[in-house]
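Next come two complexes, and both contain chain A; in the first it sits with chain B, in the second with chain C.
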Partner chain A sequence: MSEVRFRNPGWAGNTGEFDLNEADVRGTGYVGERALDGGHPSVSPSLPYMFVKKDPDAPLFEGPYRERFDKIRSRYPTARAALLPALNLAQELRGHISPETMDEVAGLLGLSDAYVRGVATFYTMYNKRPVGRFLIQVCTNISCNLCGADEVLAAFLEHTGTELGQTSSDGNFTVVEAECLAACGFPTCVQINSRYFEDVSADDVPAVLDRLKRELNRSF
Partner chain B sequence: MAYPYRHDKETRVLSECFGDPAARTVAGWKAVGGYGGIARALEIGREATIEDVKASGLRGRGGAGFPTGLKWSFMPKTAARPHYLLCNADESEPGTFKDREIIRWTPHQLIEGCLVGSYAIGASHCYIYLRGEFFETTNVLARALEEAYAEGLVGSDILGSGVDIDITLHVGAGAYICGEETGLMSSLEGRRGEPRIKPPFPAAVGAFGMPSTINNVETLAAAAHIARHGGEWYRQWGTERSPGTKLFCVSGHVNKPGNYEFPLGFPLMELIEDVCGGIPAGNALKAVIPGGSSVPIMDAADCRGCTLCYEGVEAAGSMLGCASVIVMDETSDIVKQVRRMAHFYAHESCGQCTPCREGTTWATRILQRIEDGRGTEDDLDTLVQISEQMTGTTICVLSDSLAMPIISSIEKFREDYLALIRRGERVGAA
Partner chain C sequence: MADNGRKAETVTLTIDGREVTVPKGTSLLHAAESVGTEVPHYCYHPGLTAPAQCRICLVEVEGAPKLQPSCVTMAADGQVVHTDSPAAKRMRQGVLEFYLVNHPLDCPICDMSGECKLQDYVFDEGRERGRGREPKRVFGRDDFGGDVLYYGDRCVMCTRCVRFMDEVARDSRLTVVERGSRAVIDTFFDRGLEGASFAGNVVDICPVGALVSKDFLHKARAWDLDHTPSICPNCSHGCNIELHTRDNLVQRLKPRENQEVNGHWMCDYGRANYEWLNRPGRLEAPATGRGSDRRTADWKEALELLFGRLAAAEGDVALVGSARCSNEALAGLGALGDEMRGRTAQRVFRAPRAADEVPLPGFPLLVRRRDLVPNAHGAGLLGFQRCGDDGGEGGLDEVAAHGEVIIVLGDDLADQDGDFGANASLFVYLGTFESAAAGNADFVLPITTFAEEDGSFVNAQERVQRFQQGLRPPESARPAWLVLGALVAALRGEKTPDSAPEAFARLVAAHPAFEGLSWEAVGDAGVALGAEAAHG
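Here is the complex of A and B:
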């Protein structure tokens, strides 16, 4: 399998490849090992470590997650303002935000259930239902579109054997269309969990998926 | 290692350290003069700092181009209530990718800008609103911020001056409308990201009901340099009405897309043909969107002689916006791209105002019908009519942002629409 080269090397770009390991997808590869409690209070708002194993029944919140939740609360003058970070944190733990999760977060912040549902459903990054282990978001907005994003999207659907928005039968992949990811100079941009893949062409797709599958074998 | 693409003609102020991981540390940023801006601001005082930014003529880089110094001067002079600085890092205008690069390569540049801005407007707390997708970006900034706290550059008694400035990273959750300043405030407060009617303006009633100022990432980064060198220094670049340098995000059909920094007033065709290495396969230029997807489309004739400054692009019939130059060559399918943009605005409309909620949706359906070869010539009139009703009739400018590309594309590329409508022929493939 041919290597896929980065043209816009970032923090983890020294390898110059789409070579994922857990540190990369959890972000530790970019910024050094981070404490699970989120580090300094100023950065307590959730940093979604998307590749930690999800537990839909995880408690809200205990241990290091409770610490982060308390830090989040301390950074805002109102409890309401902690809602988005708290939902981020809940999704980090549980993988998606079910109506029950929304109600629990409402209880934690003293907000009404209806209010939290109204807010949570406004934002696209809260998965309202479970998604695959890898959520593949292909930007098909104008700049990427001009450079062949539709073909990239079609290739991801073909090689994962899924329909748009549906999860593959093995629970590994969900492919969706994304709006502009702010990487327009490096088309096509694909966000997979929390990681950006740039300059992806339709021909690169098998190599990218191959990397992801190897990552699954390592971590699960 | 060279940052993806560089060009000899560039004037790099903000992008000097792009591609150099060393600049991500406090020591690395100080080595290039970093944190000199906040030090000088603390020395000369609040009023003088605002005067410097006023004198520089810096205009907001988020798209509107409002003079930054003037915006800062609207803040109450007394600190009877808490003031907030909100940094807009919710970069999501299609075609724009400068803020992400500023933050991931030079996080301390933004932190310093936030300190300068906070100090100037008397804010003791600054929130940086990052878009939720920016995981790597947020992590890079988080580490830089932790280091800045540890070094006493942020927090209480910064640089031993007795001034307290806290910075908090606030991560959003995926909504284009949160990049609108009042939508951003709503979202920060834990609400649906719905824009608010102005007045009251944020400087009077902003985040949490307190006086607030919202600035773009690039604006604050530039302000850090202006605080360091003074206002006149910044005027050595650019034009009278558009001073300074600007990052131009070039994407689409060019050989070397990327971020290039030039003084405002740089010729558009030189940017495309020389700096970006021209159009692939020697194709001819068809259209350019000069300021992100929310501005009128220019055809090739408009581009000739166009200079990239606020007044220059206006004279060519469009707007500079955030200088996100989307280049479309002769293979481009204008109808498809406008339909795709309409789909985006329909998806991102917050739904408060009827002209926007209904207009973006119906425009998308009509454009889809035309693209599918089922349109009529009357549809073009209907689209123009809907667009006119979407202009100036809503709380924010999201619906205007769709109206402009629709009206301008029908005006300039009517033949493309008619080819589909009359003969079912698609013009262009991309």
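Here is the complex of A and C:
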């Protein structure tokens, strides 16, 4: 596998000292699709790309997702407490939280539909509308902004051919602004699905997008 | 502490330089209230939990590192509280400025204007001029369904409405959607408040003009309304209410606090049904004679004629009362029957009944009762038997064909035809509207509705409750207790009762169920029958 050159590939990268690729470094289990069972809790949030097969019509919840939902529910004393992880799970499965999803999650947890809507809309990381296969969140908060976040954002919009918050016509990219991603030491930080790309400059953007497109073509 | 067992523990503190002693567990807000200081508040409501989120009731407590929310800070011994210190005032001014950042200041077209807490507080303590230069964000309005309309721009996000639906109605249909400056109150998308039975209360508890009644929208200004303490006439629970009137019309009904009956609340059914009090086309003048002989008369003439007929009447008497009439009127009707020479053969009333009760889960005392009339229990206590079906119709076949004396009070006989009372030797109709079934009446006497007189009802808890006159009656209508009281007094040869309290006193003397009650003891809050009424 040839390495695309950009300043920070998101892992240690091939420094030339070793002949390693990403799978060698992270382990094959961590490269590729997110495991249906969520993976080991210690690594599940950091799986690369989190390029999941999103199915807006997937049932809530069946098979391994039902097991995960039951586990979530069992971890909390009240249904309200289990709402955030339950919505996370629904979003992982369906890609966004539609009104129907809110209603179904409310039914599953025995909460009022209005309450679930209130919670889902309070948190910006729940997508209330469908997003592309890659959700590109560009931090435009102060540190990143001082280091050219506006240009990075403009570059992403230009190279994906979308408007802010809109999804590209091929359904692959949605570019949004994000508040501080807690990577102020590495501006500009861009979160793509669950993965951080740090030290991104406007010049890096075509290479990042190329790499994402290659991910789309990979078969696992 | 042992000898303290019976006595409630108290704490003594100083509020704005005045020493106050209050029971332990009293909030600073209530302690200040007890010495006449209103601490501004939005999110706190006595019928709901206090989240202390509006930040406008902050007061200075000496020794505390920062200002304390007075709605949740409990009074403690030796506390020194300043509600009006420079720090507290500066803070309130700051909080108010934040509230006005996006507020549209559309008071001239806002229904809440005149009773709005934001208006009051800003007028008292706010900045003279806003400093904002940025454009205000605009939401517009949102129809929540039912009777509730939401103006997002006016909202102060106190969440009283959300907590009312959660805690009291136990029907969590409202929520805060989004956050920060985008936050609004909303239901679940298109699922509004339709079908909720108590949602109208969110309009009452909204401290600003964010939640308004569609029925009342742009109908009257708050300062033009007269408020009259009354009792809800739409079910036998008898929620304490205020009639809000203007131009001699009821504009809306609002609940009046009574912790023994309805708390701070009332149901939407009761709230919505007031238009019948404003219905035009009322009986204007007394009339005598049947069919084509019908002619109007003045009261003196009509009553003298009627007195002559009553004194001479021999036969059995059929009395039809109404559970919409006051105790005083029904007792007067009963007494008239007793004074007549004939035996009282029928003593009935009809009342519509709903299929089921509608309780308020978070305040179980309050139930929309099955009887959709205010005084079904009073009528029962005063010796009237219920007849007819659950629609409040039928059941009068015997009375209709009664051949001797018929006296109808307050029942408009809408389901009866022109043959009603055709065989009667004497037929007296005391009512508010002309009725086809009253065509055979020898006397048609216009009486007042409950909103046009003083009087009392007995509710489903067997509680006697007073209402006051809020409307001016049509020209010649008189309270039924006065008309009937005059006739009874004439038959007995005594003085006519000259006021509702006097009529009530005569009722108490005649009916053991009401023993020991007095008009004063019933007061504005009412008294339960059989309770130790004498102490009041």
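Quick notes
Keep this in mind: the second predicted complex is superposed on the first by the 169 of 220 C-alpha atoms of A that agree within 3 Å, B and C clash if a C-alpha of one lies under 4 Å from a C-alpha of the other, contacts with A are read in each partner's own complex, and residues count from 1 in each chain.
Note that in this section contacts are C-beta pairs under 8 Å (C-beta built on N, C-alpha and C of every residue); 3 or more make two chains touch, one makes a residue touch a chain.
None of the values given here were measured: they were computed from a predicted structure.
Shared-chain residue A:S169: touches no atom of chain B or chain C. Shared-chain residue A:G185: touches chain B; no touch with chain C.
Note on chain A: of its two partners chain C and chain B, the one contacting more of its residues is B. In the superposed model, A:D103 makes contact with chain C only, not with chain B. In the superposition on chain A, A:Y196 contacts chain B only, with no contact to chain C. Looking at the shared chain after the overlay, A:G118 reaches both chain B and chain C. Contacts of A:L83 after superposition on the shared chain: chain B is touched, whereas chain C is not. By the touch criterion defined above, A:R75 reaches chain B but does not reach chain C. On chain A, the surface patch touched by chain B in one complex and by chain C in the other comprises residues 118, 122. Taken in their complex, chain C has these residues touching chain A: 171-179, 186-189, 191.
Residue ranges of chain B in contact with chain A, taken from their complex: 1, 4, 19, 21, 24, 82, 91-97, 99-100, 104, 131-136, 138-140, 142-143, 145-146, 149, 154, 166-176, 187-193, 208, 249-253, 257-259, 289, 293, 324, 326, 328, 332, 336-337, 340-341, 344, 347-348, 350, 430.
Touching chain C in their complex are the following residues of chain A: 99, 102-103, 111-115, 117-118, 121-122.
Taken together, the chain A residues at the contact with chain B in this complex read 7-12, 27, 30-32, 34, 39-40, 42-48, 50, 75-78, 80-85, 87-88, 118-119, 122-126, 140-143, 145-148, 178-187, 191, 194-196.
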